[in-house]
Amino acid sequence: MFKIIANREVGPGIFQLVLNYDQLPQNPKPGQFFNIKVSQPGSDDPLLRRPFSIFDFDAAEKKVEFIYRVVGKGTKILSELEAETELDVLGPLGTPFSLNENKGNVHLIGGGMGIAPLYYLSKKLKSRNQKVYLGAANQAELEFFAEKFKGLGVELHLAAMEEKLEIKGSALVLWLNYLEKNIPDYVYTCGPEKMLAAVEKEALKNNIGGQLSVEKRMGCGIGVCLSCSCETKAEDESNKRACVEGPVFGLGEVVLSA
Amino acid sequence: MFKIIANREVGPGIFQLVLNYDQLPQNPKPGQFFNIKVSQPGSDDPLLRRPFSIFDFDAAEKKVEFIYRVVGKGTKILSELEAETELDVLGPLGTPFSLNENKGNVHLIGGGMGIAPLYYLSKKLKSRNQKVYLGAANQAELEFFAEKFKGLGVELHLAAMEEKLEIKGSALVLWLNYLEKNIPDYVYTCGPEKMLAAVEKEALKNNIGGQLSVEKRMGCGIGVCLSCSCETKAEDESNKRACVEGPVFGLGEVVLSA
Amino acid sequence: MPENSIETKQKLTKSELNLSVVMKSQQQTEEKNLNLKNPLITASGTCGNGKELADFYDINQLGAFTTKGITVEAQPGNKTPRIAETSAGIINSIGLENPGVESFIEEILPETKNYTLPILANISGYSEQDFINMAEKLEGRAELAGVEVNLSCPNIKGGGMVFGTDPEKVFEITKKVREIYSGYIIVKLTPNITDITKTALAAEEAGADAVAMINTLSAMKIDIERQQPLLANTFGGLSGPAVRPVAVKMVYQTYKKLEIPILGLGGVQSGSDVIEFMLAGATAVGIGTVNMIDPAAGPRIIEEIKEYMLRHQIKNLSSIIGAAH
Amino acid sequence: MPENSIETKQKLTKSELNLSVVMKSQQQTEEKNLNLKNPLITASGTCGNGKELADFYDINQLGAFTTKGITVEAQPGNKTPRIAETSAGIINSIGLENPGVESFIEEILPETKNYTLPILANISGYSEQDFINMAEKLEGRAELAGVEVNLSCPNIKGGGMVFGTDPEKVFEITKKVREIYSGYIIVKLTPNITDITKTALAAEEAGADAVAMINTLSAMKIDIERQQPLLANTFGGLSGPAVRPVAVKMVYQTYKKLEIPILGLGGVQSGSDVIEFMLAGATAVGIGTVNMIDPAAGPRIIEEIKEYMLRHQIKNLSSIIGAAH
């Protein structure tokens, strides 16, 4: 059983959801997600669960956190739920980021709500030699994330599309600006698929290894429906499910729409 | 805008719902009902509103009360809503009881949740020469109502089907037991349709006037869909809508299924 | 950057928005067109005859009003329960309760004289002759902009098959009505069919000015405690948001095959849903079940459409008809 | 008083309840029947090939398991998005992603060897020959209790019409499969048809042991912000609670016309819904979309059925089949 302990707006239309749980089948790892039912018990609408990446996790306090943007019917309803409400939640689900402890210089590149899973990842990575590149529409959307990452003591770079921070532009452009003088050993990225494709292309060109997390429309989140199939790049391989083999894939593993 | 101020169990599966309102198109009269949407804003399920008779009303405190039994999906969901929740409510709707001030000796006969509208009616009737006959499955279901009616200082008789109070049996049997020595000028009744039919038959036989309130499955509650049509007894009359011309009808006005 | 260029462009304001649509007539003459100030048309049977909604708003704000279905003779309708709720839908079996076409003309039509919006009479029949009779009675009635021919009734003389499931019957009835009735004719099609484009084309060929789709899906609910059908009439018609994906698909699929306009309906709850039907190819959009839940749905939906138009900087709503193709 | 008499009667307890049902075979011989310990059968395509559910419960608790649809050749499936949510429903266009019948036999079937429940292979084809090929390959496979012939695919060689919309095609394909395949044959029908009793009867005549109804309703959703169909494939199939009233009606309507058993499905979410289908006339009931939302739906629904049986003091669940007629 999961219970809301906080559900508050931390940016324009962006909410922090903190849940308490009784028990979990296993401790969640960075890059995994939970699948949350937002409808009233007994109501058939909205029908499907909503997947959200783990933003933070605290085993001692039995707490799991998400950051979500209100985009449609389900997230609107979720944003109106009060503390103490019990939720039907499945998870942790999916394949997490692998932490690749041996990599020294690591870049994390996050766009929009794609930033959410990178925070828990950043926290869990042993190496503190991390450079984090975040982008969003504007400063207000980034503020909450920026504060949190600052708390981790990592090198942080910020960009916004609508106003000039370090630059006026996307996380991708920000990262590319730094890339020349500063080639990482490994990259982790999450955000719009176009951004993932561009990061992947650039990384592969520079022989940088890495992982990315995709957002696919999901039916079940547990691998039974094949709604989330991702075409693979290897010719002899069949599709992979974003909810089971993903959402984290290696760079070059699945076909992204650029 | 309506807001829940209390929503508590007052009997087995029976809830008291107290709402605060900003404004009403008119003050509700006994026998009228409100039509309450129980789904989350933005959810399409449950789709229809749920009609409930006015149990009590307080203009000074801008408070309207209902007593409802959890029977299905909608009332289950309603019973789980917390204080402070805002509700989408339409009303007051329907034709009220007419208070017939000139009648001296009045009987009120209520079965099950049909008791709910009789309380506000009893309160509003000028004559205190009222005898009230209430029946339900058991004592526990009647307790809350009994306390409230006692507060009005009317003569109260109680029956239950599963255990002996004044008698072991229905409100109807209870009333019939008293009827011989005690013919009223007027009756008001609400409850299962079979009970209404029997009260009507007995009253008409004894030349007693009166009114009854029917429960029909409703689509709209505002007269547009004809879901709630009641066949009339007069040959030249067309159907009447329980939500507009009713739910209160004169004895002998509409066809009841006995 | 595109973001910038949009920002610097002159933005449309609400008062500049044009929500009007034209339902062209087959004759392609301007005076026979149905001009609507916005695409919203009440769906037959869900708005009474209009006066019940007056407590909530002035229905003259809508594009057009369709009356409750009428038949030649008065009908008492089916026994109750006539309505059952299902997941995101309702099943109704009202059974066309109505006072008959003559009372309609004498009592109901005069009540609409204060309406400034076009009125459509929804006509239902149990035989071809029924439709002919009603077309004759309604021909020349100045209160009416047109008729909506409801083909979802069983053909009592023809073995009980629903007229609207047979393209030939659709053609015949439409043609008969067309020969008699000179106003705007909308033929309302049933979705309980393998291929609705066939009946739509039959209606067009026979001279319908427009088709309406969809009427309700054949459905039922069982009361599991009493172990019998919940509706007194056993079967009924499913409407509401549950059916919208089926209705949108039928409109989309028909749009490219037809010359005449489509009145799309089924499950509209919001402005977004109206936009969805128009993108699929509907010129006008019906609002039915939603009125039963939210009697003030009409003006709310109009506002929601305007918000969408502002967000997408669409000046003329009619420009999006069929745009999802 | 009836209340008293019920109270004094011996009450059934949970352990006395008998949930088993028998799907009789057309041959009416006992060894060809499909014996299910309860009426729940997983709906093809919504439970993977079973092992994904193992984290949640032991699927051997169910009546039978139906595999994801297979085709002769491997299929990559449609482009994504393949799923859209609608009111109380989902539209899917997975496009039969599967490794082809040979991989199915070599890789998937061996994985089912620990299952003690009957396994049904769902087979889909784009031509008559496809069905024949698969029937041949699957004939004699001891892992399988039977096949479910999915007739909701377009007949590519026959102009793209869906097989299941034509009673003659249903007859032909069923007959061909019957001639080859000796196990239990369920013919799965499409609801996108004017009269599903015609295809049901065609399947029966051609030798099907049972019919399954319904597959998904043809539907679509438009992304109004991008002004294009949401699914990459434009159209898809609607399932979930939204369609249940349509499915129940089709089962009810078919029950009296058919000798062979019906596997009813469409929108089942709870034990009550299973009861509703059985009262309408279904011998077994499919659970599809619900597994995607509640992976542990199977055992929950079984518990809910038991509660209903206790409340109504029903000892043998099979006694309620068709009881709402």
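Of note:
First chain written, first letter: the chains are A, B, C and D, and each begins at residue 1.
In this section, a residue touches a chain if its C-beta (ideal position, glycine included) is under 8 Å from a C-beta of that chain, and two chains touch if they have at least 3 such contacts.
Treat the numbers as computed from the prediction; the structure is a model and nothing was measured.
Listed options B-D, A-C or A-D contain a single repeat of the B-C interface, assigned here to A-D, on the basis that more than half of the contact pairs agree by residue number. Remark: among chain pairs A-D and A-C, A-D carries the greater number of C-beta contacts. Remark: chain C and chain D have CA centroids separated by 35 Å (rounded to whole angstrom). Distance from the chain A centre to the chain B centre is 53 Å, each centre being the mean of its Cα atoms. Separating the CA-averaged centres of chain A and chain C is a span of 45 Å.
Shared contact sites, meaning residues of chain D that touch two or more other chains, fall at 84, 87-89, 240-242, 269.
For chain B, residues touching at least two other chains, in rising order: 44-46.
Residues of chain A touching chain B in their complex: 39-46, 73, 76-77, 80, 82, 84. Across the interface of their complex, chain C is touched by residues 84, 86-89, 91, 165, 192-195, 217-222, 224, 227-229, 234-235, 238, 240-246, 248-249, 252, 267, 269, 272, 275-276, 279-280, 308, 320, 323-324 of chain D. Taken in their complex, chain C has these residues touching chain A: 3, 87-88, 241.
Taken in their complex, chain B has these residues touching chain C: 25, 37, 44-49, 90, 216-220, 222-231, 238-239, 244. Those residues of chain C whose C-beta lies close enough to touch chain B in the complex are 45-48, 52-53, 55, 68, 74, 76-77, 80-85, 87-90, 92, 94, 97, 99, 240-242, 269, 289, 291-293, 295.
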